[in-house]
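What follows is subunit A paired twice: with subunit B in the first complex and subunit C in the second.
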Partner chain A sequence: MRLRTPEHMVTFTFDGKPVQGIPGEPVAAALLAHGQKLVARSFKYHRPRGIMSAGSEEQNALVTVGRGAQTEPNVRATILEVSEGLEVFSQNAWPSLKYDMMAVNDLIAPFLGAGFYYKTFMWPKAFWEKLYEPVIRRAAGLGGLSGQTNPDQYEKAFGFCDILIVGAGPAGLMAARTAGRAGADVVLADEDTAMGGRLLREVEEVDGTAGTEWVATVLDELAAMDNVRLMTRTTVTGAYDQGTYAALERVVGKDGPLECFWRIVAKRTILCAGALERPIAFPNNERPGIMMASAVRSYVNRWGVAPGKAVTIFGNNDDAHRTAHDLVAAGVKVAALIDSRDDVEATGDFPIYTGARVVATKGRHALEAITVSHDGGTRDIRTDCLAMSGGWNPTVHLTCHMNGRPAWREDIASFVPTPDSIPGMVAAGACNGTFSTAACLNEGAQVAAEVAGGLGLEPRVTVPAAEDRTYRIMPLWAVPGKGRKWIDFQNDVHVKDIKLAAQENFRSVEHMKRYTTQGMAPDQGKSSNVVALAVLADATGRGIPETGTTTFRPPYVPVPIAAMGAGSQGKGFAPERLTTSHKVTVAQAAPMIEAGLWYRPSYFPKPGETHWRQSCDREVGFVRNAVGVCDVSTLGKIDIQGPDAAALLDFVYANTFSTLKRGKVRYGLMLREDGHVMDDGTTARLGDQHFVMTTTTAAAGLVMRHLEFVLQVLRPDLDARVMSVTEQWAQFAVAGPKARALLNTVLDREITNDDWPFMACGPVGVAGVAGRLFRISFSGEHAYEVAVPARFGESLFRLLVTQAEMLGGGAYGMEALNVLRIEKGFITHAEIHGRTTALDIGMDRMVSLKKDCVGQAASRRPGLLDEDREQLVGLKPVGAVKQLTAGAHLFEQRAEAVRANGQGYVTSVCYSPTLQTNLGLAFLKGGRARHGEVVQMVDHLRGITAQVTVCDPVFFDPDGGRARG
Partner chain B sequence: MRLTCPNCGERDRREFYYYGDAIALRRPAPDAVPEAWDDYLHNRKNPAGDTTDLWFHEAGCGAWLVVDRNTVTHAVHGATLAEKAKR
Partner chain C sequence: MVRLLAITPCAGLLPLDVGNVSLREVVVDRMVSVAPFVGQEKAVSAALKDQIGVGLAPKNRAMAKGGAGVQWFGHGIWLVRGQVALEGLAAVTDQSDAWAVIRIQGAAVEDVLARLVPIDLRAEGFKKGHTARTMLGHMSVAITRVGGQAFEIMAMRSMAGTLVHELEVAMRGVAARSNF
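Showing the complex of A and B:
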């Protein structure tokens, strides 16, 4: 029922039925106004549940929003804002909220107590996976995910400030005003849709005016300050090292992201997070219609909604009375006020029971009546809403995120933060156990003044007058009686579960938590933990401080992984690096494969070709018989300059580069300091102090980092500088007998074998553009790599491919490139995979002993020189089975193919159209001495066994004459 | 976590590549005994407390840094350029 007539209403749906609501108000308020008491089913027993709170701590009213891929489960109806057309669904019930089949769990509840799963489903083990777990998962649970890709947008952001203020109630507003006026750079974050905290809910005066008016005035002042940033709908969810805080912002607006995940770095932080009201564990204290007293005041005073027609109030502190008076003032009938304390003087035009308890409740889908025990007798009272208040728990959570433990304060029967639990954070107001509005205003201002003073500012403190009542409470945790007394509403834990845990010797609070699942629901026991501790303390005969608390961990409220990972999906996770020839290549329908973040063509299909092998064989033929063109720009290119550039190369390469002549290229082998091969590539000497190194595509970043490491950490004495120029140059391989003929059609000056012999390099003019030419070969053919500034890459690629086609060749892709290099026994990272040495790949003579280099000392370790190590060999099939597979293992011919008999493994395979056979590269124990031997290749994964003969890994043109010709 | 790069100021740890113990600064001579190389390559302390390690400001200025920090309190005491570090 609404207490005020709204100006503007919109329609949303709950389980398909239309409900009217005011835009921006919580869905919970609209449902209460609509008379919808039953909104959810509980996690384990599928008990009917209603709205319990008016904030993010809500345990019961979890709903699902939206449909299809945009479904969002487990949204708290108390913070979900009403908007036109919003689709809200109840969850965890089938076939409907009112007639939930799984409520059968509730009937067998006596058997489902704490530890039930542990005791019952222990044996037989196989049943757990196949039977118990699926059944339990279906029966117990919250909302479900759609299983589809989430199309919603999320965002992440980074913030920096002098002072972060968490919470904008009386203390937070005063802290922000004090710090803001002093000139501090302030972020004030509050999880509510509006700032003001309790002043939005309570009927109180501040500074001689209504609390809400005072809030508006302060917010106006803060909004006008450039140095203050106000963040509503922003929950600070975690405290981390170095003053870093995580925060989740619910973003308003249809087109933007749903949520934004913030990392806020603050020099200092003032925690003004307020307090959460706690329930009382009386019998059947969870029927729809039973809610927190402060929530009742929120709905009545702030949202203008009466949560019931005849409201009863049950409390152990003065807030119960405040609730009763607010209801009367709003015109809502108060059926009874029940105060558990004896020594209170209560007034009001309604029945008052002091020293009384609620001992029973009735009503299947909604509260209908309660039974009050009073003066030794009982009395039934008809009521459709019971407001309960068991006192207040300061919101200490953030102070515990770095191992801090809160301290017990007997006078308020609550835990308060231990100072300095988080470096740089101070608590003020209700979260610090300071409860009256006046005291909160004062503490917020005083703490902010201290903090701002500590930052070298000169703050002034002025505090407005406000209500300053003493908080009087008599602890009341659980009320005896027939029926379950719920503590953790979200995980369905009740008093008896806790007692059972204690009885079965799970007496430590951490053990009790895990045995009963108390506090392990998404709300992390915000409202229930202190009650549970009190019950455990009682059951074990200890005090609450001795019993201790469990650990509060981030996040304070559930954070969608989509928000934390915002920007890291799809291309945000793996950005694309595209070569200059990409567009042309894709236009030719070449399938692209990933090489790190790069995309490279597998092959260039021609009309009539139906299988990749046909294209690949043709492209291999281009290179062997005419000329092929391939984009090799993805290889790392590092420019190295300086007086000690040659000395640097001598130190990072196993072989010597200082002897390399200007205008020449040399193959280099790079070791890790532990003696294994890191990478290989060619390095060209363009000048006395100028080299260009190429790395493999995969190791480009690694080698760059390594060179900087060598220059800065190992050899700061060397005067040289390195710079990645991979992106600056487009580079193309031109390979095949007609390579020079092709190049001479595009170069400004013709080249000959005499002025450009094998391994020559230097500047050239390429169709009028200053470029570089390297006579190097990864195919074994007469070949070059020609480089131009990247902006000319696409046009040069087009030109080269056109000219190649006129000479009977064309473009080739990665498949052909791989075949060409296997035919020649050239290695890639399939062979130098991190466990191979120079000796293993037959390049041990390249490791110069005349100079020190990275990896040289360790490469001489006895274990790395063992002749029985697995060495690089070639393989050819000799039996009936011709197929070779990479990853297959090698065994002696008659040996059983088991691990103990392993002789080696296959690293690379291809079909060689040149030699018309399958070829393999492999590592075989003592392999170089075993050429000619027949071994068996077994691929256990694919079920292939083949007889292969061991041979030299250079299958084609072993004396290398073709490359020099 | 943030590190203060001497070149760039206080920067988020996502800009840095973590290498490991700063023992890397003290590379043995090529002819050092095998035990010295073994210690250099493989043997590491696992301190609960102050530690010194190397970080590379890869997404920043490209400097290798020697960082003093505490593995228990997570306090970062400071960072210096590796090329100027004592060896």
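Showing the complex of A and C:
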């Protein structure tokens, strides 16, 4: 029932039925106004549940929002904002919320107490995983995920400030105002849609004006400060090392992200998180219509909604009395005020019971009546809403995230933060056990002044006048009587479960938590914690401080994984590196493959080609018979300069570079410290003190890091500098018998075999642009690599390909490149995969003993020089099965194909159109001495067995005449 | 005679305006990295000052004069925009084509960068002329504040597409908040 007539209403649906609501108010408020008491079924017993609170601590009213892939389960109806067309569904009920089949669990509840599953479904062992667990999980649960890819957007962000203030109630606002006025850079975060905390929900005055008015004035002032950042709908969810806090922001806006996950780094933090009201464990204290007293006031005062027609109030503290007065002022009938304390003064135009308790409640889907036991006996009262208050728990959660333990304060019967539990964080206001408005305002200002002063600022403190009622409470945890007395509403844990835990010797609070599931999961003990401890303390004959609390863990509210991983979906995982020829390549329908972060073409399909092999064979033919063009810009290129540049190369390469002549290129092999091969490539000498090194695509970053490490750590004596030029130069391989003919159409000055012999390099003019030319070959053919500054890359690629096509060739991709190098027995990281040595790949003699280099000493270790090690060999099929597969293992012909008999493995395979056979590169035990032997290749995964003959890994043009010609 | 056409790293990607934030490509004509040889920092700085009017910038600083500029770029390395000759003093390496350089500007520019960059870019600590090597999303970048509400960002040329995409998503996320 609405107490005020709203100006503007929109329609949303609950389980398909239309409900009117005010935009921005909680769905819970609209449901209460609509008279919808039953909104959920409980986790385990499927008990009918209603709305219990008016904040993120809600335990009952969990709903699912949206449909299909955008479904979001377990949203608290108390913080879900009403908007036009919003679709809200109840969850954990079938076929409907009102007639839930699984409510049968409630009937057999006596058998389903804590620990029941563990005791009952133990045997036979295999049944647990296969049968019991799936069935139990289906019955007990919350909302479900859609199982589809989430199309919603999420965001991550980094924030920095001098002072982070968590919570914008009276203490938080005063802290922000004091720190803001002093000039501190302040972030004020509050999880509500509006700032003000309890001042928006209570009827009281601050500074001689209504609390809400005062809040508005302060917010205007803060909003006008450039150094204060106001973040509403933002819950600080965790406290981490070095002043880092996690926060979840619910974003309101069109086409924006749903939520933003913040990492806020603050020099200091002021915790003004307030307090949460705790329930009383009386029999059947969870029927729809039974709510927290503060929540009733929130709905009445802030949203103008009466949660019932005849409201009863049951509390153990003075604060509960305000509920009755607010209801009367709003024109709602108060059926009774029940206070458990004897010596209490209460006045009002309604029945008052002191020294009284609620001992029973009635109503299946909604509260209908309660039974009160008092001095004079018992009395039944008809009521549709019971407001309960067992006192307030300061929200100490964040202070415990770094293993802090809160301290018990007897006078308020609650835990308060232990100072300095989080370095740099101070607590103020209700979260610190300071409950009256005046005291909160004062403490917020004082703490902020101390914090700002500590940062070298000069704050001034002025505190407005406000209500300063003393908080009087007499603990009341559980009320005896018939029926279950619920403590953890979210996890369906009641008093008897906790007593059972104690009885079965799960007396430690952490054991009790695990035995009963109390305070687990999203709730994190917000409402249930202290009541549960009190019951456990009672059952074990200890005090509450001795019993202690369980561990409060982050996050304070559930954080969707989608928010934490925002941006990291699909291509968001890694940046894309595109070559300058990318656009032209994709336009030719070339399928792209990833090489590290780079995208490279597999092959360039031509009309009529239906299989990649056709394209690949044709491209291999370009290179062997005419000319092919391939973008090789992705290879790492490192510029090396300095007086000791040659000495650096001698130190990092196994072979010698100081002897390399200017204008020449040399193949180089690089070892790791442990003597195994790290990478290979070519290095060109452009000047006496100037080299350019190439690395493989995969190891470009690794080699760059290695060179930096060598210069900074191993050889700081060397005066040499390294700089990556991978991105600076677009580089293209031009390979094939007609390579020079092609180049001479684009070079400013024609070249001949005499002035550019094999392994020559130097500057050239490329269509008017200053470029570089290297006569190197990864195909075994007469080949070059031509480089121009990247801005000209696309243009040169187009030009080269056009010219190549005129000469009967064209572009080739990675598949052809791979075939060409396998035919020549050239290695890639398939062979130098980290476990092979120079000896294994037949390059032992490259490891110069005339000088020292990284890995040289380790490479001479006896085990690494064993002639029986697996050595690089070539393979050709000789039996009926022609297929070779990479990853297959090698065995002697008649040996059983089991691990113990393994002789080696295949690293690379291809079909060679040049030699018209399948070829393989492999490592075989003592392989170099076994050329000509027939061995067995077995691919256990693909189920292929082939007979292969072992041969030299250089299948084509073994004397290398083609490259020199 | 055939001529090669020059294409800038962000060609076809920019300009882009979302909300009050704009993204523009900064076209770099000539840029080199300068890594002084051992013991030559002072000499390099003096030579640069002589040739282009700006010496080596301190760590995390960028300095500009006229069309020239010197930007600290990491351990013992600076990026210099302009023509310099430092034979024997420093390793000078052409970087003119290696970087996608963009300028991002607007009232909400710090909010946009806060979505992607993990360092503190607030104006009081990161002033005009301050520069940092850091991350933008998963990319290694250099970020320089070039104005009260303007930054210059350099990422590897090959990552220009991802750079613009990441910034665009962040710009839209920030703009969405002011649109409702």
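What we mean here is this: the second predicted complex is superposed on the first by the 961 of 965 C-alpha atoms of A that agree within 3 Å, B and C clash if a C-alpha of one lies under 4 Å from a C-alpha of the other, contacts with A are read in each partner's own complex, and residues count from 1 in each chain.
Criterion: contacts are C-beta pairs under 8 Å (C-beta built on N, C-alpha and C of every residue); 3 or more make two chains touch, one makes a residue touch a chain.
Just so we're clear, the structure is a prediction, and the values are computed from it rather than from any experiment.
A.B. asks: In the superposed arrangement, does A:673 touch subunit B (first), subunit C (second), both or neither?
C.D. replies: first
A.B. asks: Between subunit B (first) and subunit C (second), which does A:602 come into contact with in this model arrangement: first, second, both, or neither?
C.D. replies: The answer is neither, since A:602 touches no partner chain.
A.B. asks: Quick check on the superposed pair: does A:92 touch subunit B, subunit C, both, or neither? Answer first, second, both or neither.
C.D. replies: A:92: touches no partner chain.
A.B. asks: In the superposed arrangement, does A:713 touch subunit B (first), subunit C (second), both or neither?
C.D. replies: first
A.B. asks: After superposition on the shared chain, which partner residues are touched by A:705: those of subunit B (first), subunit C (second), both, or neither?
C.D. replies: In the superposition, A:705 touches subunit B alone.
A.B. asks: After lining up the shared chain so the two structures overlap, which partner does A:265 touch, if you call subunit B first and subunit C second: first, second, both or neither?
C.D. replies: Both subunit B and subunit C are touched by A:265.
A.B. asks: So, A:694: does it touch subunit B (first), subunit C (second), both, or neither?
C.D. replies: A:694 sits against neither subunit B nor subunit C.
A.B. asks: Which partner chains sit in contact with A:799 here, subunit B, subunit C, both or neither? Use first/second/both/neither.
C.D. replies: A:799 sits against subunit C, while subunit B stays out of touch.
A.B. asks: Hey, is it subunit B or subunit C that touches more of subunit A?
C.D. replies: Result: the larger residue contact count on subunit A belongs to C.
A.B. asks: Could you tell me which stretches of subunit A are touched by subunit B in one complex and by subunit C in the other?
C.D. replies: 158, 265, 708, 712
A.B. asks: Once bound in the complex, which stretches of subunit C touch subunit A?
C.D. replies: 1-9, 33, 35, 37-38, 75-77, 90-99, 114-115, 117-120, 122, 124, 137-139, 156-163, 166, 169-170, 172-173, 175-180
A.B. asks: For subunit A, which residues are in contact with subunit B within the complex?
C.D. replies: Touching subunit B from subunit A are residues 158, 241-242, 244, 265, 673-674, 705, 708-709, 711-714, 716, 852, 856-858, 861.
A.B. asks: Under the definition above, what is the set of subunit B residues touching subunit A in their complex?
C.D. replies: The contact residues of subunit B facing subunit A are 1-2, 12, 17, 19, 24-25, 27-28, 30-32, 34, 37, 40-41, 54, 56, 58, 62-64, 74, 76, 81-84.
A.B. asks: Quick one: in the complex, what on subunit A touches subunit C?
C.D. replies: Spelled out, the residues of subunit A in touch with subunit C are 153, 155-160, 185, 251-257, 260, 263, 265, 567, 571-580, 597-598, 639, 641-643, 708, 712, 719-721, 723-729, 746, 766-769, 788-796, 799.
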